[in-house]
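Look at the two complexes coming up: chain A is in both, with chain B in one and chain C in the other.
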Partner chain A sequence: MNMVANTGGAGLRSILVRYGFLIIIAAFFAFFALYTSSFLNGSNLLNIVEGSSILLILALGMTLVVALGGIDLSVGIAFDMGAAFAIVAMKEYELAWYVAVLIGIGGGALVGLLNAFLVVRLAVSPFLATLGTFFIGSSVQRVFTNGGGPISHRRVPTEYRNLAIGDVYGIPSEVIISAVVLIGYYVFLERSIFGKRIHAIGLQQSAAVVAGIKVRSYIAIGFVLAAATCAIGGIIGSANLRMFTPLAGFSYLLDAIAAVFIGASMHPRGRPNVPGTLVGVLFLGMVANGLNLMGLDFNTKDALSGLILVGALAIAVAQRKLR
Partner chain B sequence: MGLLSSCQSKRANSRSVSMTFDAQILNMSGISKAFPGVQALDAASLSVDAGEVHGLVGENGAGKSTIIKVLAGVYSRDAGDVEINGIGFETLSPAAVHDAGVRFIHQELHLVPHFTVAESVFMGQELQGVLGTKNTAMRRRAEEFLEESLNAHISATTLIRDLGIAERKLVQIARALIDSKAQIVVFDEPTAPLAIGEIEQLFQAIRRLKERGIAMIYVSHYLGEITELCDRVTVFRNGKNVAVESEIDERSTETIIRHMVGRDIEELYPKKDHGVRDPILKLSDLTSDGRFSGIDLAIGKGEIVGIAGLIGSGREELTDAIYGLAQPTSGIVTLDGKDLNVTSPSIAVEAGIVLVPRDRRHDGLVLDLNVADNINLASLDEVATSFLENRKAAIQRAEALCEKLDIRPRNAEAITRFLSGGNQQKVVLARWLATGSKLFILDEPTVGVDIGAKVEIYQVIEGLAAQGAGILISSSDPSELLGICDRIVVLMRGEKIADEPAITLNLDSLTALTTGGGSVDTAT
Partner chain C sequence: MTTSRPHAASLVSKSAMVGYLPLVIFVALLGYLSIASSNFLTPATFDLILRQAVPTIIICMGLSVVVMAGGDDVVSGGIDLSIPATAVLSAAIIAQQVTNQGTPLAAALVMALGAAVLVGAVNAILVVRIGMTPLLATLATSVAVVGIIKVVTSSRRINVNDPTIVWLRDGTIAGVSVSVVSTFLLFLILFFVAHRTRWGLNLQAVGGSREAAEVSGISARKFVAQSFIVASLTGGLAAMFVLARGSGSTPGTEENLLLEMVLATFLGAAFSPRRVVTLWGAVLGAVLVSALSIGFKSIGVNVFWTGCIKGALILVVVASASLSTRVASRGRAA
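And now, the complex of A and B:
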């Protein structure tokens, strides 16, 4: 594309900048493959994918909100609500597993509704609104569980448990569920006319308003959809452990943000996008897995994630300068 | 283009001053610069003498801003020589250019509203004393400079937000020149944000700078300003300098236009033949407290109605209210005989009212989406099967509209940010052509648009009217309103003070009306 810069020494630099992030991914991949015996193993690669499933679901919800020009610091709360509503529905009210799943998703959606109310009605900035929701949601969970004790339900229906530990023809159900969510998000955000409007809103809200797009409705629906999506992650988490663990969702928040922005940095115009988010999630999963196999301190993983995020964003800026 | 007749008497005077300087202070020759797919500059030259005001004109995309950015050190040139004050520069960096005494007055003001004039002028170049910044000295210097070099009487303790746009412009200029090392000053569309009455204030400042021997490059789309102010004019077309005109006067305009477009423009404003029609939009007693009050207005099918008025006349607020960007406090809006409560632009668009906003880069376009996306944005369901976008249909429809409106480059997948102003404006128009609306509100439709694109935009407007759409044009350019409109409504301090057929008005009478200097009786 860039015919001017591709001359001599500048050529190599421009190649490095243009494909910088993919080169980094490949380098990490090669590094882990060379220095650990089991990294390239098929079952280990499946481990990476399976271990990334829940993060992928939350990161997709985050992608939607970031594409709308916002941020959602309360994805963990929606995750927790999904788990809590579903487990309580089965334990206390003995409802069927699929009803419990729907109730869990609904419980997550309530978190999104609160965000939508704060952002659209009260015009609080998404950052502060979802921070508020995060604090409120955290507190509610502690109060409800008398200080944060888990609600376990050892006799969950097998079907519910299988949402986490089952498989179809050897493919773990977590992977299948996250793949369905992934495809749904891809079609919605990258192929549908709704997605086009959502990107327009996130890129330049005032222009979207003048173009007659119902910006407020889209933002409200975006927050609700994102939160409902995160609840699916919480349901899988609770199915795995057969319990609701308060505040468990928080651990996904920063990784989800990192994955979305790593993905956005790979887009030619810096837009958050579904394929990019997938790459970001898999990349974070690969790094965690590789470090683990190498027997390195797991705590260094966050430092690496941070370096990679900052590096990816720096590359993205360099890329845009090159154009 | 005749807005500036008030200052003609001073021209002869200022020209004679320039004749005493002829030392070349800037010489750029053989400058080439290519971008992916575009040869932005093709062995172009620009040479400026000390103490002259040198006009730089050309259609959008002709290469004027590129050569300015090469001079600024923003773009590195592919070929060519640059000499400033006789010293050759192999490479140009912003710092080196600044040291060589070249200053740029950008279109955007970049001033902090809560700073004082003195703080703004000295921002980043504060006068340091032993006990911190020398505030009193800075205030005095700022006031002195504004007074002596720019002919402006502004108190240095005024906050920027309390200044008019023209005064802010002068503060911006003072900030660039306060270190007294400037030899060449480049003005990029300096009058674009100014109202008619404010332009003269800026011109006086420029003339004062000229008397002090500073060379100036003046980039503008307004040929009236160019012929008013400049000693020589360089015309750019397709990345080359096609002409350098000296001996500039009123009659130069035609020659300059011919060089710009490479052909004769026979008629700027298309012919029109509009009879009396049924009203499509009616405003009855529309009021928005503190902004405008008691506005009655009817627009017929196929009629082009103009709104004239200075900044603060309620012109912008009125069009915003019709489009639902602001809520009127009382009054009735009817479209096609039906009462309409437009509380948001989405309702307006659904009803068939569309807006081409004055700030197209901010409100008109999603700059980082491509041309096709921007064109289809308001009618995406028409290029979709159920809710999935049909990319092929979307691109095809956009390309057809690009063809129809002559949008360049002819590439519906080009990112909109990189199009020139005129082409961007055509993209906004194309979006609303695609929706087939009943009433088009156009707010400053040709600001920052070059003359060739202007003519094409007028033809589109005329074509829409011919098909029966109602058109409401809000503009600060009286010749534009007189040329294109059937009827002109004049607003002043939020009230309608005139509603006349355009043929009963002329430039003088319309200007007099908008500035409160006359009544309709003085017309014709």
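And now, the complex of A and C:
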């Protein structure tokens, strides 16, 4: 709609504004396809999708919080708690795998409850509240694992293990789980009255209050829901390695934030949105995969992906400002 | 109006009480530590606290300059989360050059400061030119810088036994540690620049009210950009003391430095009468945080708990600050 209205004078400019980031994605795709021989294989493209599924789950949780006008720096802690609670439930208490999954999600939700309490009851800004939660959560994990040793559980039930490595008709179960979460978030955030209210709160909180939306409950539920979602990611991660690795969730934090902002840059009004987040996640997954195939050493790869992240965020934000 | 005054006054004093809560907690903790540990209140411990605090003090002063220019709102105002990573990057460069390449320390320091300025310039461009929020921009550069640190050091520890670095660690001037003296000098310089020069006053005007500053002909963008450069330079200088404190560069130092920087700066704001970030407050906050770390260590608290305690303290400090302004604004409304 906007496009049609704008095409009068600046056709090229409006195309750049709307699709600038897609052009960059295409450029990276072409580069990797030409530079490495195996990038375009069907199995490698499936690798990218499978490798992105955990990040997608965390990024969807982040999308919800950012849509509410906040930010969540503790998504990694919720991820870790999901893994820790589920693994300990099976290892120490020998509970069934589905009970362990529920306990893991509950453990992640606790992190969201703490955030919600701090933001809604104590009026701390989401940034500082979740930063504090991050520090506390990291420290608690170090205390209970004597400085960060993993808790491994070699004899996890097969069903639990299959959450990560199983497949249904050849589709990896990680992809199926993340697709279910994706559809759930799409319906909830983009197609329901709750999503409309959430976007209203994020756009202008005071107006949302006047409009009679229960802003405080929405923010509280948003933090809890986001943390519970991240815990699902942690459960898949722990099922894959058959262990809980302390502080493993931190590596997803900036990628999740970047995916949300890349996605927002593609929205006509610059709002965080579920399809955009999916594109952002796939872009980051593609870059990580491509750098791997180029055979760079671990440290160089880390530095390069950090620099690409800064560049991608800068372009995403600049593009939103051009509008 | 007159009838409502006593009510308003009681609300204001209530807000003041909530605002002083973090100070009360800190004094109580320090009091407890000095009772629990017999050698906590000795000059030797005090010297140790100050020396341990030096890197944090220096980067806190840098952060204060950014907050002065950008305003003190955490989300939209000025903040620079990349100073700790910049400090560790500069330390890594110096260590790598001096120990592995045999470069003279002065030349290595110049290279390190150059890298620091580069990080500051990237922050400035991202914030001023592109319009990213400082929070997002500096968080992103911080992650990129940590990646570069890994390339510089190959994720290994590098020892440094350059005589100047050792002197910074062990030397004394008139009985006071060299690092403490040089930090004090740096504080005096920054204090003079921020409060007694035209540049500093304009900087504070920009942070106080951007619109008002623009109307009176001060370019806010210029000052915000320069504040990021100054902050990254303090990171580069702090690198020398990071090296001295650790006798070399260790990957991963930046996380604890970030925790202490944020805690000290916001704690410092709780000291100021108007609840704003000041150079004085930042220094005082950094010293108190260091005192707590050393105090807990001296009574044998598991070192992994200290991160938890500091995280909880950050939350207490910021929660009481926001609650006290909320109570105060309710008082004003009445």
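One rule holds in what follows: the second predicted complex is superposed on the first by the 277 of 323 C-alpha atoms of A that agree within 3 Å, B and C clash if a C-alpha of one lies under 4 Å from a C-alpha of the other, contacts with A are read in each partner's own complex, and residues count from 1 in each chain.
One rule holds in what follows: a residue touches a chain if its C-beta (ideal position, glycine included) is under 8 Å from a C-beta of that chain, and two chains touch if they have at least 3 such contacts.
As the structure is a computational prediction, the values presented were derived from the model and not from experiment.
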item	value
Which superposed partner A:Leu40 touches (first chain B, second chain C, both, neither)	neither
Touched partner set for A:Ser192, first chain B, second chain C, both or neither	first
First (chain B), second (chain C), both or neither touched by A:Ser206	first
Which of chain B and chain C A:Ser138 touches, first, second, both or neither	second
Which superposed partner A:Gly147 touches (first chain B, second chain C, both, neither)	second
Partner chain(s) touched by A:Arg269 [first = chain B, second = chain C, both, neither]	first
Residues of chain A touched, compared between chain B and chain C (which is higher)	C
Partner chain(s) touched by A:Lys214 [first = chain B, second = chain C, both, neither]	first
Which of chain B and chain C A:Val180 touches, first, second, both or neither	neither
Chain B to chain A touching residues, read off their complex	34-37, 78, 323, 325, 344-346, 348-350, 354-355, 357, 362-369, 373, 376-378, 380-381, 383-384, 387-389, 415, 431
Residue ranges of chain A touching chain C (in the complex, touch as defined)	71, 118, 122-125, 127-129, 131-136, 138-140, 142-143, 147, 254, 257-258, 261, 298-300, 302-307, 309-310, 313-314, 317-318, 321
Complex interface listing, chain A residues touching chain B	1-4, 187, 191-197, 199-200, 203-204, 206-214, 269-271, 323
Chain A-facing residues of chain C, complex	74-75, 122, 126, 130-132, 135-137, 139-141, 143-148, 150-151, 154-155, 259, 262, 266, 302, 304-312, 314-315, 318-319, 322-323, 326
